[in-house]
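Chain nomenclature is as follows: A, B, C, D, E and F, assigned in order of appearance, with residue numbering initiated at 1 for each chain independently.
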Amino acid sequence: MGGYGDVKLLNDDGTRLDGRAIDEMRPLTAEVGILPAADGSAIVTHGLNVAIAAVYGPVEAHPRKIQRQDRAVVDVRYNMAPFSTSDRIRPGYNRRSREISKVTAEALESVVLVERFPRAKISVEIEILAAEAGTRCAGITAASLALADAGIPMRDMVVGVASGKIDNIVVLDLDKAEDNYGQADLPVGILPTTGEIAFLQMDGDLSPEEYNTCMEYNFKAAKEIHQIMIDALKAKYDGGA
Amino acid sequence: MVELVPSLLRQELANLAEDDRRIDGRSQWQSRDIKLEVDCLYNGDGSAKVTLGDTIVYAGVKFEVRTPWPDRPNEGSLMCGAELRPIAGRKYEPGPPSPESIELGRVVDRGIRESGCIDLQSLCIIPGEKVYGVMIDIHVLSDGGNIFDASALAAIAALRTTTVPASTFDIGDDHPLQVSKAPMMCSFTRVGGRYVLDANEQEELGGNERIHITLGDDGHLHSLQKGLKGVFTPAEFAEILDVAQLRCTELRDMVSAKEAN
Amino acid sequence: MVELVPSLLRQELANLAEDDRRIDGRSQWQSRDIKLEVDCLYNGDGSAKVTLGDTIVYAGVKFEVRTPWPDRPNEGSLMCGAELRPIAGRKYEPGPPSPESIELGRVVDRGIRESGCIDLQSLCIIPGEKVYGVMIDIHVLSDGGNIFDASALAAIAALRTTTVPASTFDIGDDHPLQVSKAPMMCSFTRVGGRYVLDANEQEELGGNERIHITLGDDGHLHSLQKGLKGVFTPAEFAEILDVAQLRCTELRDMVSAKEAN
Amino acid sequence: MGGYGDVKLLNDDGTRLDGRAIDEMRPLTAEVGILPAADGSAIVTHGLNVAIAAVYGPVEAHPRKIQRQDRAVVDVRYNMAPFSTSDRIRPGYNRRSREISKVTAEALESVVLVERFPRAKISVEIEILAAEAGTRCAGITAASLALADAGIPMRDMVVGVASGKIDNIVVLDLDKAEDNYGQADLPVGILPTTGEIAFLQMDGDLSPEEYNTCMEYNFKAAKEIHQIMIDALKAKYDGGA
Amino acid sequence: MGGYGDVKLLNDDGTRLDGRAIDEMRPLTAEVGILPAADGSAIVTHGLNVAIAAVYGPVEAHPRKIQRQDRAVVDVRYNMAPFSTSDRIRPGYNRRSREISKVTAEALESVVLVERFPRAKISVEIEILAAEAGTRCAGITAASLALADAGIPMRDMVVGVASGKIDNIVVLDLDKAEDNYGQADLPVGILPTTGEIAFLQMDGDLSPEEYNTCMEYNFKAAKEIHQIMIDALKAKYDGGA
Amino acid sequence: MVELVPSLLRQELANLAEDDRRIDGRSQWQSRDIKLEVDCLYNGDGSAKVTLGDTIVYAGVKFEVRTPWPDRPNEGSLMCGAELRPIAGRKYEPGPPSPESIELGRVVDRGIRESGCIDLQSLCIIPGEKVYGVMIDIHVLSDGGNIFDASALAAIAALRTTTVPASTFDIGDDHPLQVSKAPMMCSFTRVGGRYVLDANEQEELGGNERIHITLGDDGHLHSLQKGLKGVFTPAEFAEILDVAQLRCTELRDMVSAKEAN
């Protein structure tokens, strides 16, 4: 977190600079089946973030040394397009994207029924086309939808959502200014049906009580997002009915 | 659509060509539907999305401020690159830039650069000290065939709707980037023995060499490239150049119409 | 110790957990012995060696003088990286940094950075011109399990005994680096269905996901990370957070004792 | 193209700065069999350019995934030596050399009877030791000679040659100044016997008519170069007779 | 060598800046079996140098193309930790470390009975934690000890030791200042039992006579170091008796 | 020449050595024919081509202008590198620099650097601001054995006929580079149990370790390197050092003769 205390992030009426209430999420839209070539795909816009995910597989894993005898491996590549950020970033992976790819893969492996596909690989490509704080969460949500669109069996979805702290107040879903100048960020991947957590990162400063409030907000928002995800899948498979 | 193994597919394409037909029902010089969106991405100083059949390509433009090259103190720079990442299709692998992605970026780059549509001197801020660097990044999300034309169109459309983010660098007010021309690329692939316009993925899989032609507003050639295994005759080139002239004019009109919105 | 194949090992670990036992005889929230040495390497401006069971980790601190980032003219910088080279164990391969080593370095980095233990403004030499860059390098020599806690401890212990080599850069006399806090990391691994503290190598081999918690002097959370395949419930987290509070206080006392020597 | 119009490239008498007529090529020499270790080799000097090519193979292609069941792959590496240019270039491949390698390989695959060597690889190494505009053409010519020297069956040679435009006049075979300050460059790879084209690049500005004139010059020069190539092969195989 | 003649490196009484006689070695300690995970390991401190070596193997060599049908390959990685030098060095190998790795591997292959392990690989990891001139020698000594600790059969040890020239006088075992400002450095790897040489590098300026004196000093020191190595192995295997 | 598999080749070489013979008929300390050309490449500020039996090596020298290292404000720099690309022979693969090419470049570099033949202070243009960087690039086109001696000879011959391109950088008139000495390298390979001078490709294939010796004008040693598997005795070294003294004098005379042309 930037943690620059001299930037005021809450209005006098307790609302945030963009007018949201402290427990209010940015608008989120979702659509599946958007990429003709992929086995499954989805686009999620969350605030001004744009995340696109594609799933290829399951196919036999190559080279053989990456195969697991008893299950499929889930291979995730999280990537930010050069034009997705305020300063252009060089094409290719950096340390941040490699870390996010790793923990996102581990979160998705926790819900995909990987034991059904021994020696296989399921590739998940996450491309961030526009970034406005919260891209890893938008990416996780898009990846879950793309997996569902590909017909990969899962025991639950993983919903990406974050809360954090600004001006000593816990708020839901930090936007860019709040991320830059806030005090803490807690992105998680929630299984909306079971109430379990498959993804967890956090940085900044949170008391144990503040942590609990963040998690309350996160679980509440995960429900909302889950509904949007279900609607997106229905829109494709039920013909939008 | 049935997946054919390449040799059967080649035979099928040859049979169709003999009857002057194509695998998706188009005529020889007919393009698939194109959809163009511009200014569609937050954080892109310019951006465009092109949908060409099953092909989807984004282009984004970003500015940076840098010191000019010593031998060109009054000029900014323009750079175009392309990424062909695994999201684009089953055949693309992760790793360092492939020869295919390098070729794509460089061919699009040459078409724009050589048309002179951007006056590099207009990108100078303080001679010898500060100039703008303009970076165009092409991002292919779905390869359904003919990614070259989709990429070139996305790149020039993004450029032509770009805002110079001068205020970000404390250099005055934001203003539109001056792009004086609209170079357009048109590509031909040999399928079943003859050239066709805008080959789809199956035609590329069962086809031979391709020729990329970039034409300026006045119909002049700015960039040529032959790719893949195969040869052509001067007479064949003369024919496709004529088709390219017509097609590039159509494309240019489409971009203009978009800008007028 | 008998080498068990993972599925047998998993079974064995589950059986032990049912009896509230662990494979090396420890209780659920018991750590292995820790040995900490500081200021142990020539050429390190700060250094520490941590031995945690069969795990051996070195951390070294080095300074450089650099120009500040344009948007932070009054601040130096802090960077923490980790190397997991083939010396650390049979499973580590040569090559570019693995996702595992990147994760290790970044999680340790965040814990230190976010605790605010280093005032980056105190690393400024001449505003806008010269600042210190502080680099913490973690070098795992032997992975006997739980390299995260060993690395985080080595890093903060090295930092807290670091001398700023000002005279080397002609910037006055050498002096101790000011480190106002002592953030501590504590990691839990699911073994046999339940979480344990400080898993050893066998428990990691037959275990599931792990959770890394970094706590500040006041018991606040500064960094969290879940790694590997597996899920947890909020109730499980509440339990390990309580354990972490106690454990981090113990670790902090150990570092203080070392510094008092 | 540099396209810097303020540099005059034609003399008042219509000749070029180095005295050549507008349709006159720089001197070209060729020799084959110059590298003891290679299966075939050649050196081509074209103006001040020096291009050396070596051919190794055909051998079984490795790793297996690069094999083609029905034909050989032609693997080309075009490389400029660090000391070959006016500013030293760092060793290793760059984007330009990778692109030239790709399209050169595709041009050579168009003439080599690749279907005679299923699953094989034919490696062509092109090293530019001195560069004075036109290295890709000199490289293609040298590669064709090296393939012939290696006894690889081909249905024709590929002759590298370029024309371009300076001071609004079409000229054959740009030299360095003409390349730096000229208006267009059209390098092609011509099959001298069949009259087909296997290699084509172009940048700058050419009207369709100017393109046609360029091609006329290119075909004329390709004939000349082809004769020099034949003589070089004869010099080795007929004992120079 | 730095070769900066204006720095005086010998005291008026003929001793060196740190008080050593010209044929006196810096203190050296050795211990084996220090890394639980490795098949063999050792730490050598030589002056302020700290070198740690680990041995893994022999195991079947992978990928197959690195296998030798008639013997094991010895794979050495010499690496300096980022904090081991006065200026931090970037993690990863550089040209210097690659060269040292190569010639160290070749020296160790000369004593290991590699023909006993066809198609196998023996990996030797050398990590320099602190560098004060002479790290390649400390690394060779540590590697020999780690091989012995791993029970790898060898026909002799390789002892790393160096002599050099400062202020026109030949001296044993250059320290950092002597290395920076001296005139020559001659690091060798000596087989203490057979009197053969398995490792040789040298840079600077030495007359043939000075070379001979260097080698005399090196052989004398190798005996001393060899005894310390034997004691270190005994300390582990004879329970220190 | 018949291709022998290495073990048969080793036997054959041992038999020959017993009779004091070599596989190509030379005597133990006899070199193959050498051909040296200098100033042979456009764009090289200095250049040389060495043909040594079937070995062909080019070296090229280029200048750049750079800022000096902070701790050496009055000195330019010298750097020598070597490339062993696939053109050089069947055994060379594409990819990043191999240990073999790094060793070759560094051993040649040390011989030149340590001889002091180039006064680095003479490469200073403006103290603390601008100095020359001299880069010697070695390019092996054909490896017919003993590429080290061919490379070292090409490098020093290129250097000694180098023109400083001062006018290119607007620093006065071009002038010859001052190279005060002529360090020469001479390499020995153990073949059939004994050392021979200038091993050819077959002798290298069936041989053992090799020793590279670089000697200065006064017969002093400037660089030594032992490569490959094998050991030697001090007595063996004494013998080859004597041979090297004679051989290096011959080589030096050859370079001088070339320069006198």
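In this text, contacts are C-beta pairs under 8 Å (C-beta built on N, C-alpha and C of every residue); 3 or more make two chains touch, one makes a residue touch a chain.
Everything numeric here is computed off the predicted structure, so don't read it as measured data.
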Those chains which touch subunit F and also touch subunit B: D
For subunit D and subunit E, chains touching each: F
Separation of subunit F from subunit A in steps, with touching chains one step apart: 3
Longest centre-to-centre distance from subunit C, chain (CA-based): D
Whole-Å gap separating subunit B and subunit D, where each centre is the average of the chain's CA atoms: 26
Interchain centroid distance [CA atoms averaged], subunit D/subunit F, Å: 32
Length of the line joining the C-alpha centres of subunit B and subunit C, rounded to whole Å: 48
Residues within subunit F bordering two or more other chains: 97
Subunit D residues counted as touching two or more neighbouring chains: none
Chain contact topology (line, ring, star, complete or other): ring
Chains in cyclic order, anchored at subunit B, direction fixed by subunit D: B, D, F, E, C, A
Contact footprint of subunit E on subunit C as seen in their complex: 41-45, 47, 54, 56, 58, 60-62, 64, 81, 83, 85-90, 94, 96-97, 135, 137, 139, 141-144, 168, 201
In the complex with subunit C, residue positions of subunit A that touch it: 1, 3, 70, 95-96, 98-99, 101-103, 106-107, 109-111, 186, 191, 194-208, 211, 215
Touching residues on subunit C, where the partner in the complex is subunit A: 7, 97, 99-100, 102-103, 105-106, 110, 113-116, 209, 211, 216, 219-234, 237, 241
Parts of subunit E lying in touch with subunit C, wherever the complex brings them together: 35-38, 48, 50, 52, 54, 56, 77, 79, 81-88, 91-92, 123, 125, 127, 129-132
